[in-house]
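For reference, chains read A, B, C and D in written order, and residue numbers begin at 1 within each chain.
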Amino acid sequence: MTQTASPELLRQLVIANKILYDQGIVDAMGHISVRHDKDPERYIMSRHLAPALVGDADLVAFDLDSNPIVEIGKPYYSERFIHGEIYKAQPAVISVVHCHAPSLIPFGVTKSSLRPIYHMSGFLGAGVPVFDIRGTAGMTSMLVRTPSLGAALARSIGDKPMVLMRGHGATMVGGSIQQAVYRAIYAAMNASLQMQAQLMGEVEFLAQEEADLAAAQGDSTYHRHWALWEKRVRDLERM
Amino acid sequence: MTQTASPELLRQLVIANKILYDQGIVDAMGHISVRHDKDPERYIMSRHLAPALVGDADLVAFDLDSNPIVEIGKPYYSERFIHGEIYKAQPAVISVVHCHAPSLIPFGVTKSSLRPIYHMSGFLGAGVPVFDIRGTAGMTSMLVRTPSLGAALARSIGDKPMVLMRGHGATMVGGSIQQAVYRAIYAAMNASLQMQAQLMGEVEFLAQEEADLAAAQGDSTYHRHWALWEKRVRDLERM
Amino acid sequence: MTQTASPELLRQLVIANKILYDQGIVDAMGHISVRHDKDPERYIMSRHLAPALVGDADLVAFDLDSNPIVEIGKPYYSERFIHGEIYKAQPAVISVVHCHAPSLIPFGVTKSSLRPIYHMSGFLGAGVPVFDIRGTAGMTSMLVRTPSLGAALARSIGDKPMVLMRGHGATMVGGSIQQAVYRAIYAAMNASLQMQAQLMGEVEFLAQEEADLAAAQGDSTYHRHWALWEKRVRDLERM
Amino acid sequence: MTQTASPELLRQLVIANKILYDQGIVDAMGHISVRHDKDPERYIMSRHLAPALVGDADLVAFDLDSNPIVEIGKPYYSERFIHGEIYKAQPAVISVVHCHAPSLIPFGVTKSSLRPIYHMSGFLGAGVPVFDIRGTAGMTSMLVRTPSLGAALARSIGDKPMVLMRGHGATMVGGSIQQAVYRAIYAAMNASLQMQAQLMGEVEFLAQEEADLAAAQGDSTYHRHWALWEKRVRDLERM
């Protein structure tokens, strides 16, 4: 029998939903999940709801086939297979974000590769694959609505921090909620800055070793970002 | 004798006015209407007022020639013929939005066609005509201020979800208030993303079949967007 | 002996200061004035203060040489000569705005002429001169700090609605506070849209006659904008 | 024995932290310091914290080798050597800002030089060096985490108002907190405007003498900006 997930983990997941909205990464669409801290064969995510509106009571536990552990009789995200199949394929992944952050969309539909323009997005140095759903399923609504589409996306991201999805959005992973949220926010910021820089001329990106060193360094700073992001969300709720 | 429109429909129309402002689709200009749910030969729209300021008491019923059913002795939108003539020509249309959303303006005055860059705007796959008022009326103030100009615009949009208006703005329609509002918001988002992507290089738009499938899929999700948009408007009113 | 200016005019001038800030036309710099409604040889403007902070007690009356009628012992805007010299040269001008609105700056330092991209900015059809202070005074701090520089700027704007100032900003005039504020806001919006459209390709601007008709039409709608702008300012003050 | 720093100086430093956040110059990263007003061999800066969250109790005094005068048992900014080494090398510098302001990043990684596009940023006329950390230390995490890297950055900025840092951000200095904050805000604004203007065509920047005169003139106006910026911060705290 599985134990209940840590209350602190659930609390962070609710806050993360609101942070992603406040920081412009998700609107009504997009979602974030976390692997269950007592049972790695489960993950937790909101029922079908805009992230900004998610509360404690909306969280649902799923197995890695993305079936709810307990049926709640309300709709789930149709793209929850993105989460389940990545957790299945990548044991080190603890959190997954799926979003349509505006600045990322152009990088999924043009030849420009997303590359690290500064140390804040050194994690992009690992390379950013682009998933084209046509390669797996031909003509679709673009949504990852089945286990096999989720598995195809999981193969595309492999062990990398993120994947762009052509004509759709992006998916980021992390070894913690904080890392996944950080990667979503700074991938979007990098996209915006890279777009501008490319219009200005040839861009000098971080060297591979610089990107790796910056990414490792950045891993020690999530608490500083999170303290600010969480305060913003709490202030907004109080208003 | 016509029955009173559903209170819930009127409530949604007031909220829709404020959502369009909050989401940056209208400023003091622009308007949204809904077809009367008890009498398809009528539609309901605010009197001449900035959408953000519209309340229950400002709603007026018009016949499809855009004459008020009951004269209220206050000015009406001079471009209400956009609404009346589209309702007349397209029985399936339940709601009409007219706006000058900033990101759409450049697409009405350049050779770039607005096309679906991602699944959220699959409805653009139906094609986006550009209405040039000169073709109908020569030199004007650009406003659709007469029944015949409204009828010309209705012919231009035909059975499509939206029409761009050269040097003016755009008009979107929907089978519900929610659909018309959704189309206005994501047409504007698509325009912003497409503009950026085109500056970066050749853009891979959704294939026709992908756009159609995505549009059909999107039709089932308006309640999720609306819940967020309505909450924002209510929070702003409370502050 | 001059009568006191109308309290309603003074109230509108205070609100206009805050609207220009709320709409992003001014930051701490920039100013708006109005011609005295009882004495056309005077104008009213705030003392040296960020527009957002201006209250009733900060308003000062100046003669058209930009000397204060009553010395208040606090600093005045060093560029008040922009206002005085335009009122002197153009009897029909009732209000003057000077600003550094971000989107206008690139149009003062490149070869692109600001032209009306849509009906909301039809007033640009009158033509937008660019004032280069070097032509009058050689090397300066760019500021219009003397009567003769003010007179040179007044000659540059002539009877037109606005003038761009190279490496500095812009000045707009109007037959009312509402018209001057409207022109500032939609000149800045036009600049932003035109910049984007020009990057996309050849732009079809309004024809001259369309621009003239649209400008005349727009003159009847200031109250609708103003109601919204004033409400925003009042809501912000209440928070 | 060193006296306590002026309470007013400490108060301004706390406010400056929040202004830099409110004006979009820093997010959770970035920092501002001030030289101790009773002991030029010391400077004051927050402990390791997002600037928006800094309060009086978070301020720490450092010697110019960036060792805390009194060990507080909490982490410090790892890049505090930027501050200490500039204070050591430039006796006239009273305040230092380090930031990753978005609009500045593209200018550190492309061939475009940041130049004064209008009078508000005349201080850029002094020239803006670009610091490339590779020239000093080869492959790094891009962070200025040692005294020798700080000294290299200090040599790069020399006696100029600011330095861009490739793939990282920028550092600005000032003869007061107000001047350093002003330079950060208007350097970022200039970058945004210059980027847009360059896409539109050839840009006419301020002449050298104009830039110098504008910078000198601007030095007398910090109080007007600061009054607005401080009010915004206070209003936000009250909400």
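The rule is short, and it goes like this: contacts are C-beta pairs under 8 Å (C-beta built on N, C-alpha and C of every residue); 3 or more make two chains touch, one makes a residue touch a chain.
From a predicted model like this one, the values you see are computed outputs, not experimental measurements.
**Q** Spelling it out: a chain qualifies if it touches subunit A and also touches subunit D; which chains qualify?
**A** none
**Q** Measuring centre to centre with CA averages, how many angstrom lie between subunit B and subunit C?
**A** Using C-alpha averages as centres, the distance is 33 Å.
**Q** Measuring from the mean C-alpha position of subunit A to the mean C-alpha position of subunit C, what distance in angstrom results?
**A** Computed value for the inter-centroid distance: 46 Å.
**Q** Can you list the residues of subunit B that touch 2 or more other chains?
**A** Correct list: 199, 239.
**Q** Which word fits the touch map of the chains here: line, ring, star, complete or other?
**A** Contact map by chain: ring.
**Q** Please name which positions on subunit D make contact with subunit C in the complex.
**A** Answer in residue numbers: 116-120, 122, 189, 192-193, 196-197, 199-207, 209-210, 213-214, 216-217, 221, 224-225, 227-229, 231, 235, 239.
**Q** Quick one: in the complex, what on subunit B touches subunit C?
**A** Subunit B residues touching subunit C: 27-29, 48-50, 52-53, 100, 102-103, 105-106, 108-112, 134, 139-143, 166-169, 195, 198-199, 239.
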